[in-house]
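These are the structures in question, set out in turn.
Here come two complexes built around subunit A, the first alongside subunit B, the second alongside subunit C.
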Partner chain A sequence: MNPTASMTLLQISVMAILQTIAVLIFIFIVVPLTTFAERKVLGYVQDRLGSVRLAGHLVGFTGWMNRVMWGMGRLPFVSILRGLPQFIGDIVKLFVKEDIVPEKSDHFIFRIAPAISMIASVAVFAGISFYPGALFTFPKAVPIVGGLPFTGFISNMNIGLLFILGVSSVGVYGIVLGGWASNSRFPLLGGLRSAAQIVSYEVPLTLSLMAPVILTGTLNFNDMTRKLSTEMPLVATPLLFVGFFIYLTCGFAETNRLPFDMPEAENELVAGFHTEYAGMRFGFFYLAEYINMIVVSALASSFFLGGPFLLPFGLHRFILHVPVIGPPSAIWFVAKILFLLFVYIWVRGTIPRYRYDQVMAIAWKYLIPFTLVLLMLAAIIRYAA
Partner chain B sequence: MFKNEEMEINMGPQHPSTHGVLRLKLKLDGEVVKHCRPVIGYLHRGVEKICENQTFFQGQVWTDRMDYTSAVANNLGWAEAVEKLFGISVPRRAKYIRTMLNEFNRVASHLVWLGTHAMDIGALTVFLYTFREREDILDIFEAFCGARLTTTAFRIGGLREDLPPGIEKQIRAFLAKFLDCLNEYETLLTENRIWKKRTIGTGLLNSADAIAMGVTGPVLRAAGVPFDVRKAFPYASYAEMDFEVPTRTEGDNYARYLVRLAEMRQSHRIIQQCLDGLPEGPVMAKIPRILRSEVNEVYHPTEAPKGELGYYLVGEKGSLNPYRFHVRGPGFINLQALPMMVKGGLVADCIATIGTLDVVLGEIDR
Partner chain C sequence: MNKFLKTLIPIDIYKGLKVTGTHFMKVFCTANRRKVPLHRVQEYPEVKAKVAPRYRGRLTMLKDEQGEIKCVCCLACEKICPTQVITIESGKKEGRKTKIPVRYDFEMERCIFCEFCVESCGFDSIILNHQFELAAYNREDFSIGLLGQSQNMFQLTPVGRFSYSDSDKD
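This part shows the complex of A and B:
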């Protein structure tokens, strides 16, 4: 949404709500798809079927779901999506499970910790832009918002990136507090690991995003994406290429995914910080993790892979005026996000887990010095250009 | 408010990677293991005492249930120990088949180990790959004796039946693809930087300590001691087989990993030789329907997948069952070395070390 002086307060409020709902719908379409893809892609990597049916009975809800999935499996093309309804089963299960709060835990903090994680990861989307302009304009006939553009972003903040980094780092509080409030030893270890890991990786993650900031000279999400794709000198391409991999590495660590899934390293710490959680409270942590994956993928694809512009690493300016593939499109952006989510799953199926101290060593000994060099090079390019 | 103290943490008996019901009392300083004390007995069934109240024929069934990933190797030790006690000589063909199945069991056991160990370190995929191949081995067991896990594969004096028709084809098909499968696992792990970082230099056990603790099997051989019961005190038809005893000198988790992988390749060789040189003849010796023991005692060591599995049997005059039965379980004795190996390491190393010790609690607790 781009509020202008001519819009009334009512129009601004309604547009803000509509745009927020649109992004929430996007999130809650992509999250189930990601969990489904995780099951299927891992299944493919591991030489097994992946998700095809629900465990349990032939009667009742699970029986009905199983019949639906069985039917899907018999249809052409739809059959690859067999197993997708399992997500509904997951959600139902999480909602109907008993919500256990351990007696010796700190009840209040224990209850709000998942909400902190969840809110922080969803709120980040306020700063993310899917498309730099209007996706469509409401017809005049529509009440209140008639004639107004529906943009590909919720808000076009001048400090967009700062907002994103600030809000996303709040999520770690959920993990730390959840681990601590459980008053149990494995979650405590998980929470502490998480605190150390996420705080450490925040530094190289932010520094690697500072290179694009220096190159473009702005923190505005839309301006950054556009300038990175269309106005960069060719020398910036290798820099963005390296920066992409550094950012992605840090992103893996930030989202606690293999090979850096220290806080919940299930073979060491049982289930890490959420060992004591059950039902939908656990579900919130779970959702927050997947939403964070989307956030990291969205940032990586905006700043390094060109975002709504097709070609990555600032190469798009060569084809900017070609029809069809030249103009920006939200489709490219979403496609890049989905590809990066696939990479997440792919990595999970392939490599083992680092040890805790090794994870920290990578951040402090390798990534931070490397990103500082990158930052310096970015400054030189900026100065020379 | 800010106290600096060690945290005592109970790892197990319900924990995803203590391989059953092992319980470790760990004292942690941050993430560093200061002290480790294994607590065992959660799976104690009194197998040894039960066997003393069973006839020699019945006892074998209980050995299946000790180390349930290597039931055939347990059966072999029991059968040979009883045969030694009664002076029964087994036909050569039966010995060959026993050797072959024993090596299959070694591969199956090592595959379970590799899968679970890799999963402990976070490589999820290897687990499903190894269980795919293990499935083929279990199919072979099923074709041979009808059971997949608790096989009770052999009889005192030989085998109940000869190899069933068609099993040779099944075995050859497995042998033809197995080396490729091993290479596939190695592609995922052996040169993987993360895998190396996690396993090299962790869980160290030098040869002197290993010998002092009575450690046997791949754990001992990875510490540089080339002791293998199959070579040192050949049993079944191992004396006729041509194979090597792989050893490493590092004594860390990575060395144990490499030793076990090399052992699987050697097992492949032995199975091939057994199948190619399978002699003709009967598979069962003439033995009395009822075995009544004399006053006699026998200790029979065998090389189970996890190490030296020794059966100590004492006979009683005229008795149908052993007077005393004792098992020298490899896992039980190898586990003694665990506190020494994990001290000063991190929690994650502790998990990796439990993995490479390859403990099966059914055998440790008996």
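This part shows the complex of A and C:
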């Protein structure tokens, strides 16, 4: 099914722009909420309250907001939402702050590095499918795209997974170049560590995604999601189950999150590769990290947790014809992404950091042999079925 | 072999996640509305902060049941004070056998809150109270005496509106 076949070039481009805007809106709703949730969840896990006030102000607008938030704490459910205005303050602060470029840095590369990180993480969404079909159809009255379906994916590439893996690994250039161009020791060390770590974890990450590719025999995102949830033999379920955890571990390392936050080790290197960055350039790195988290969650949820189909690990074919929960829905997909984002924060609040050599040992000594075994099992299942 | 299996199946990570996850769900579902809150932090400006029972706050003079000053001007506190912030001037009063302080000046600016004065007092006539919001805008506000205008040795130091809990009481 290729909806672009009967469309003119103008229609295709307008539709692509509309879908891109929709994806960007999704990103810029989810990312600030994730930062808020990170504060709250970490606070609750560590016997704190998380963010509850804007600043220590008593007077003026922020003082009024603080009093309102304190009042919210006495209401039954709403007290969880205390401190929600904090993320607006975050964004305003990032935009308003002075943009400092160190004099002895490599100015061009210093300026372009956050953009590389950001673009690489956003461009991945071109290959991700939220829903394998039309979300809704535009009414005939709409000027250019009237009567055309608004699909849940931007492009239905035959090499979707390859595109995603290729583009997302460009993001490490931003980190390495940013660390190098800062002309400072801490960013340089952070960048080098990041290069080593991300290149190491790229291997088991890709290998763990190869098992679904072998099982389905395609690289098309929609086909892979559909076949993995509805056409898998029952033997493949434990394999997908194990593969999910391996993929998630590698994803944690890829996005530089705790417990694998070697590049921005806050207790050894000041802030890692973004020590010299301030203002919105730092904000781009920050955004790129969170968008990468969304990407990793999206891939994990579509290839291992069933994506828009409800049940994970290829179990969905048993309830495929049940009325409400049977058909695919974008809601399940987004819910799985949000749950995996919660898991990110949950793990951050639980597991302490690994040493650098331990991080490398996990990748080369355990994960890569393990994924190779998985790959062989997947090939056997594919051959037998 | 056992160690290899332990590495392969991360059961300890599962245990840790279980502990933090159940704790999070407990806090999340009750939304901090418990009688005994699960969080260990104080919401200080909004809620009056709790201090330890032996907290050493500002020096305060006590009166007995008849409203008489308990102090007998033995000058023990003045002598033991390491920073010499206490100045006592004794006097007489009709119908009272012991001496009574006419002046009892306390310079809080230099006080180090060591509680030696309270320990040395043989008549339990002074204590350190639990007040800790002692900031003031003027240097003169730190000189506390028996007959100060706004501040004296018997009452709490009047504080500016530092916290919401103060505004609730008014």
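By definition in this document, the second predicted complex is superposed on the first by the 357 of 385 C-alpha atoms of A that agree within 3 Å, B and C clash if a C-alpha of one lies under 4 Å from a C-alpha of the other, contacts with A are read in each partner's own complex, and residues count from 1 in each chain.
The criterion applied here is as follows: a contact is a pair of C-beta atoms (placed from the backbone, for glycine too) under 8 Å apart; a residue touches a chain by one contact, two chains touch by 3 or more.
All figures in this text were calculated on a predicted structure; none of them were measured in a lab.
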Contacts of A:Arg48 with subunit B and subunit C, given as first, second, both or neither: both
First (subunit B), second (subunit C), both or neither touched by A:Ile119: neither
First (subunit B), second (subunit C), both or neither touched by A:Val14: neither
Touched partner set for A:Asp357, first subunit B, second subunit C, both or neither: first
Touching partner for A:Val347 - first (subunit B), second (subunit C), both, neither: second
Which of subunit B and subunit C A:Tyr366 touches, first, second, both or neither: second
First, second, both or neither for A:Ile80, with subunit B first and subunit C second: second
Partner chain(s) touched by A:Met72 [first = subunit B, second = subunit C, both, neither]: neither
Subunit B and subunit C footprints on subunit A, overlapping residues: 45, 47-48, 349-351
Residues of subunit B that touch subunit A when the two form their complex: 7, 9-10, 15-17, 28, 31, 118-125, 128-129, 132, 188-189, 192, 194-195, 197-198, 346-349, 351
Of subunit A, residues touching subunit B in the complex: 42, 45-48, 185-186, 189, 193, 258-259, 261, 265-270, 348-358
List of subunit C residues in touch with subunit A within their complex: 7-8, 13, 16-17, 19-21, 23-24, 27-28, 31-33, 38-41, 43, 45-46, 161, 164
Footprint of subunit C on subunit A - complex, ascending: 41, 43-45, 47-49, 52, 56, 58, 67, 70, 73, 76-77, 79-80, 346-347, 349-351, 366, 370
